[in-house]
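Presented below is the structure to which this report refers.
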Amino acid sequence: MTGIGAGLLLQLGLGALAVVTALLAAPSLRSRAGGILCTLIAVTGFITGLAAMLGATGGLLIPVALPMDPLLLAPDRLGGLFMLIVSGVGILVSIYSMSSTSGPDASRTAWVAMPVFLVGMQLVPAATDSVSFLLAWEIMTLGSTVLLLADHASRASVASAGIWYSAMSQLSFFFILAGFAVLAAASGGTSFSNLQAIEPGSAAANVAFVLLLLGFGGKAELVPLHVWVPRVLPEAPSHVSAAMSGAMVKIGVYGGLLVCVRLLPDGPAWWGIAIMLVGGASALYGILQASVSSDLKVLLAYSTTENMGLVFLGLGASMLLRGYDATAAADAALVAALLLAVSHAAFKSTLFLGAGAIIHATGERNLDRLGGLGARMPVTAVAFGIASLGAAAIPITSGFVAEWMLLQSLIHGGRQGGAVVSIAASVAMPIAVAVIALTAGLALLTFVKAYGIAFLARPRSVEAADAREVPSLMRISLALGALSVLALGLLPGPIAALVATTVSSDPTAAVQTVGLGGVSLPGIGAVLDPIMLVVLSALVAIPVIVAIIVSARRHPHRTVDLPWGGGGSRARPRMQYTATSYAEPLVRVFDDVLKPSRDVQVTHVAESRYLVEHVRVEQTVSDVIETRLYRPVLNLFQRYGKAARHVANGSIHRYLTYSFVALLIVLIVVSL
Amino acid sequence: MSFVLWIPLVGPLVFAALSLLLRGSSLRRFVGVAASSAVLVSGLFLISAVLNGDIPEGGGGILRADALSAYMLSVVGAVGLISTWGGLSSAASSRTKNAAGYEALIALFLAAMSLAVLADSIGLMWAAVEATTIATAFLVGHHRTRRSLEAAWKYVILGSVGVAIALLGIVLIYAASVGTDTPTLSWILLSQSTRGLDPALITAGGALAVLGFATKSGLAPMHSWLPDAHSQAPAPVSGLMSGVLLSVALYAILRIQSITNLVIGPEFLRTMLSIAGLLSLLVAASLLIRQRDYKRMLAYSSIEHMGLMAIGVAIGPAALPSVLLYILGHGLIKATLFVLSGRILKIEGTPVIADVRALLVRRPGLAIPWLIAMAAIVGFPPFSIFFSEVGIIMAGWSVGLGGVVGAALVLLLVIFAAFTRLTVQMTIGAPATTVPPSPQAFTPDYSTHGPILPIILALATTATIAFVAEPVGTLLLQATAVLGGTN
Amino acid sequence: MFETFFPQLIGLCTGALLLTSALMVWRHSLLASIRLLALQGVALAALVAVIGIAEGESELGLVSLLILSVKGIGLPWVLAYQSKASIKQIQESTRLNPTAALLAVTLLSILSYVVVSRVFGLGDSSTGHAAPIGLAMVLIGFLLLISRRRARSQLIGFLVLDNGIATTTFLTSGGVPILLEFAVSLDVLLVVLILHVFTGRMRTKFGGTAVDQLRELHD
Amino acid sequence: MSAIIIALVQVVLFVFLAPLLMGVIRQVRATIEGRAGAGIWQPWRDLRKLLAKNPVRGTDSSWMLRVGPVALVVSSLLLCVLLPLVGTIPFALIPSDLFVIVSIMLIGVVALALVGLDGGTAFGGMGSSRHMTVAALVEPTLLLSVYAFSIPAGTSTLSVIVETRLLSPELIISPVSVLALVALSIAIMAETARLPIDNPGTHLEVTMLHEAMTLEASGRDLAWLEVGSWLKLAALLGLVSNLIVPWGIVTDFSTLGLLIGVVSIAVKVLVLGVLLSVGEIFLAKVRLFQVPELLAGSFALAFLAVTASYLVA
């Protein structure tokens, strides 16, 4: 058995052990034991994935009773990369969740489901045939569904989230199944090596492409299949949200890459444009919803849609450009998409864990009731801050590098050697740049809001005022996450070069390392060295800091209750801007898209209609796609279901008539 | 080896007689279990014989156990064992005067199903299928309430009429064989390709026979008896009916199909079964959306699964191993679910979904196995239904039934969503009481209210069987080969 | 001698079968239906006997006796197992008016003629010519099942359907193997007995035997 | 080496120039409005005053009030280092890449917004919210307009873009360039909180953006915030002036060239400042909710510029 095979087998064994341990261990030990085992699973996956990414081969054969192509788990380089992403998040999440000792997070169910979820996620990128892919995929879905429901007894909304999640997951699953089935039918086998033999322009390839895109898009939270996201990610326990958003969603991305890079690599131009459209729409819609959300976890959930939209935008751009032989830009776009996925895994899982820490400390996830946590929870604040910078794509974090590379590839994609590549590309690229720019701008606002409202200013509720820093294991996990965000941002060169090996036949032509971990795109002629940027900032900061030190020695600061307070001393914390008010201008600007419902109730004083006793303003921003697209369909189904009851109205005569009519029809058909 | 063929027929009959003799003895409870075990053990024996290349025959060629028959016999035994064992608690509680008859009828039911799968003659097979109706008529009406009487009446009328249509079809097939040298009903003889049977007669006969057996296998539009009968029968009986009776009827369809395929090719029955399968899925989807009764929910789920199996049968050899595995997986899981539903019904006193809330919090002992079995029945891995569904869907596209399978997927999605919603309504969430008066007033009930071992066995078997390439894979291939498939 | 009469005999028997079936659709009295059913059983037995003589198979004679005892005598007796006085008063209120029902009978007969002619090609044998009668009886039996409200009337419909199958069997292939014939008869007998028991239970539980009271189980 | 010297010169020059620019702008405006004005050196005096005061900080304000202003200054200083102002000789590892420049600017934007929130009052949050809304909406224009500039040069490095325009001046007056320049100017007005988006002179709370965020800051905290904003304005005006009039900028390092570069950029920036000030006389601040329309218009211009440069060229 090869090392990869042993690694996969070890993961399965550890997974089984973790399940058994969770079933048998005493409640006090369960989280510790489960957490350690899950960490071990993730570490094993990390090593296995790294080995696979560096080119090690080997695999694990799953026996199956049905006559199918062999179910082989043998990750290639790309699969290895995604195993790495998933297990990296897995490590963070496992460490984080170890410290919960009571409640639903520490329940037996949760700890049985966690290893199942982790193992399932890691086996998906290892699969080399559609059936084992689907097998691992469904194990992942099952594990995550159970984890999501862990909290079901405390909030009614969990059950509804569970239904949405299962139904949408199944939708994705069926799309993928159908897509693979179409490909398998056209190529005569279920293994990926068979599937990729299909002719790119054929009808089957087109149908399969659409089906698979829909399936993976659903898992990757792309519009309009994202509706589960704002329900599920907030309702799941935070470490599960972190794993879902940080890792599971990447499996959707992996699926997209599998289709676009490996199975159907040379598709027609409209494939790339379609992916760009879906990605761009998701990015904009996701960030718009995130920016106006006041629920921290809903905000993070929608932001996931945004990031995945950008990943697919990059993927689509890369397909489109490759179709026009703009190889350098195409490679850069693809590597950028991958880097974005990697970096999203780092910052989004940290953000969700940070949200978990906030909930742990305050029991609140409504930003309007938070505030002032920076002083009370310093480690969380710093980690969340760094991750927010990553999400807002600010240097020197990982998010910035990825977005920079994506933009570089786009602005160089419209032309090659001075000539316009194609009309399609020269229209698509500026739109894509504009979309990314607006997305980036709104992301900036979103995360300034999230961080500023939660951690800065004065506490807006008693819970926030009484918050204490979270236990050490949670802090360690948060710190690790934040460090990874910084590390990925500071050393993009080696990472990008490594990532490029997974998708490019000639990785050094696409990406090279320059300076101290800087990245250069030789085909495009763009260079970025974050470490040099840090050095430069430090150099220009020195005089400023010296000036501050000198000034501070001469003129120490005074602390007062409120320095100015808007001109009065009665400025209470309630009068601060909240998250809702922070986003209000944006809601107005995008009124037509967001369709907020406003309700103003004015209560007049009994004596006079001209005097107002109090005014109540309510504004809700619901998911337009859900209310306009899904609700009508669901209502239709409900009405249909009610009407359909008449089919089984209890009358035996009616039932006999069914049989009789069937008999008559068969007789008529037979005699035709 | 041929004496083994008689064990599943005679054994249950002996136990049935014993049950009538052992009035008042506590041992009587175990008659069903013993009869199922006899069937299962002989089925496993026959499987091992078949795998060794032997094809036991008996009774002057009336009984025959090839790979398919042996497999089906084992499924009957296994599902019977799960149902009867799991239903021990409910059987024991009903210490009424007709309890003896109950056990005897269960044993008879098992014997009839064993005969149906072992008979070499289609005629005998038909008689055995009809005998299952007779054996289960009183089982469905066991509770002697108005509702169970209604269910039993509908079941017998619709079932007998349907099976009568099947008889008409078999008669036509026989008429076709009369046109050749040796009139016969032995399907092994009928399915010899060189006989030169009349295609028109075989078309008509095959169509009518399939239509008739479709009634027993719960395919729309002949399914109407099923939700009523399944919801009113005692839980173990529902388990047996849903788990294997439907599949035994499907087995009959498979046998008929293997004859018609040789004479008129697969197209005709493929169309017919595809339509029936899709209709079944449509009916299940439509009526699950606003379902109110959890036993009926399970019944419609059976219609759904039979529909998908019918589509698998329509697809042909490429999907048959999946269909056969499906029969086992669905049988075991559905039996488990019915057994559990019986326990829930007994303890909660209501079959209405809306009245059973927060089961996971209140009665984890029942809710956890229920949820696991639900996950299995909707097709989550590692349970074997997952592989069966994937196998059928994949095979469907490869034989050009992409449209049918695609439509099936759409309906399956609706069914999945409805099923999930209903299950969540039953199990998930907090109990309705807003403020529990005191911690003592609310203690979770961890009891399983009956034997848990059969449920664990059923779930474990379904979870692992798909990964047992040897000998299950070989057996499934051999069984497919029996039906004329080379795949 | 017999060969010349054979077609006429076959025609007589099958005609009696079809006539009794049609009359059953027409008549609403339960007692009349039971009598017609008995007559139908006799006609069926006679048909089998004629075919048996024509084919020269003694086995069919046995079958004929079996049919006579079960369908001509046994089942009608079971159905009429109640004082004649009370049974006379039972009138069926059908779900279909008689004109429409008889029209349906006609249509179903035509359909069965078309089907059988397509499937069998009719041939030139007299049995072949008569074969549509069997199918027509099956369909008429089904019609009875659908249109009758009372439990026992439904039962009669089922028996007509079954007779139709038997007719088809004998007219198309001269009967199935004796073992199967025996099994079929036994099955039918048992089903009727079971339904009879249920009818009794229905009377105690529902206070009547109208099948359309059975509407408690629905979605 | 020459890159380092130029960078050093740029930083020193702009640290000196930025307050002067502010002084000039204010003085020109005062003169035109018929006021005496405080003189062009007033910003320097303000700075000295602020640095010499004891800053007052609230109990609830966090380290952000201390770090934020520094971050803003550093980001503005980095702009001065990286932008092609005096010379177009870039650092090898961090060339004046368009996207890097924008994100460095965004660091300052974020720092300012967070400082605004940190005060824990209604006005700070309000300013921060409006500031971020404008920043978010302005970003597409900003990126697309520079994208349009980058197309003829084939790179997103600003130094190269400026050099290209120096070598082929016909690019400057091409319609594409004009469109892009107008769009960029509007974007820069928005980024630097100038009229018509924000009124830098106002202290009427309901209308203000930038000033609202600095209300709670005092002493050296306020000083750094002011310096940071001034530096940003100066650097961006320098960039615009070099895009319009690239002549005088150092492309090959020489002492004389450097001197010319310094003088020319100082003149260009100050002239542009005077023009800005004169222009602002004739402008009124638009309503906050009309700002998006303005930005949408500028976005349309920028987008047109990009597509035109693809399709025309």
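We call the chains A, B, C and D, going by the order they appear; numbering starts again at 1 in every chain.
As a working rule, a contact is a pair of C-beta atoms (placed from the backbone, for glycine too) under 8 Å apart; a residue touches a chain by one contact, two chains touch by 3 or more.
Worth saying up front: this structure is predicted, and the values here are computed from it rather than measured.
Every chain gets a centre from its CA atoms, and the centre nearest the mean of all protein CA atoms is that of A.
In terms of their C-alpha centroids, the spacing between chain A and chain C amounts to 69 Å. Rounded to whole angstrom units, the spacing between the C-alpha centres of chain A and chain B is 42.
Mean C-alpha position of chain B lies 32 Å from that of chain C.
A straight line joining the Cα centres of chain B and chain D is 76 Å long.
Of all residues in chain A, those touching 2 or more other chains are 644-645, 647-648, 650, 652, 656, 659, 663, 667, 670-671, listed in ascending order. Residues of chain C in contact with two or more other chains: 115, 118-119, 135, 142, 145, 211, 214-217, 219. For chain D, the set of residues that touch two or more other chains is empty.
If you sketch which chains touch which, the pattern fits none of the simple shapes: not an open path, not a single ring, not a star, and not all-to-all. Pairwise, the chains that touch each other are A-B, A-C, A-D, B-C. Put simply, chain C touches chain B in their complex at residues 115, 118-121, 135, 138, 142, 145, 151, 154, 158, 161-162, 165, 168-169, 172-174, 176-177, 179-180, 183-184, 187, 190-191, 194-195, 198, 201-202, 205-206, 211, 214-217, 219. The part of chain B that touches chain C in the complex is made up of residues 121, 123-124, 126-127, 130-131, 133-134, 137-138, 141, 144-147, 149-154, 156-157, 160-161, 164-165, 167-168, 171-172, 174-175, 178, 183, 185, 200-201, 203-204, 227-228, 231-232, 287, 290-292, 296.
Interface residues of chain C facing chain A in the complex, by the touch rule stated above, are 95, 111-112, 114-115, 117-119, 135, 139, 142-143, 145-147, 211-212, 214-219. Across the complex, chain A meets chain C through its residues 644-645, 647-653, 656-657, 659-660, 663-664, 667-668, 670-672.
Those residues of chain B lying in contact with chain A across their complex are 153-154, 157-158, 161-162, 165, 203-204, 207-208, 211, 215, 221-222, 224-225, 227-228, 272, 283, 286-290, 321-322, 325, 358, 360-361, 375, 378-382, 384, 386-388, 390-391, 393-394, 396-398, 400, 402, 405-406, 409, 412-414, 416-418, 420-421, 424-425, 428-430, 465-470, 472-473, 476-477, 487.
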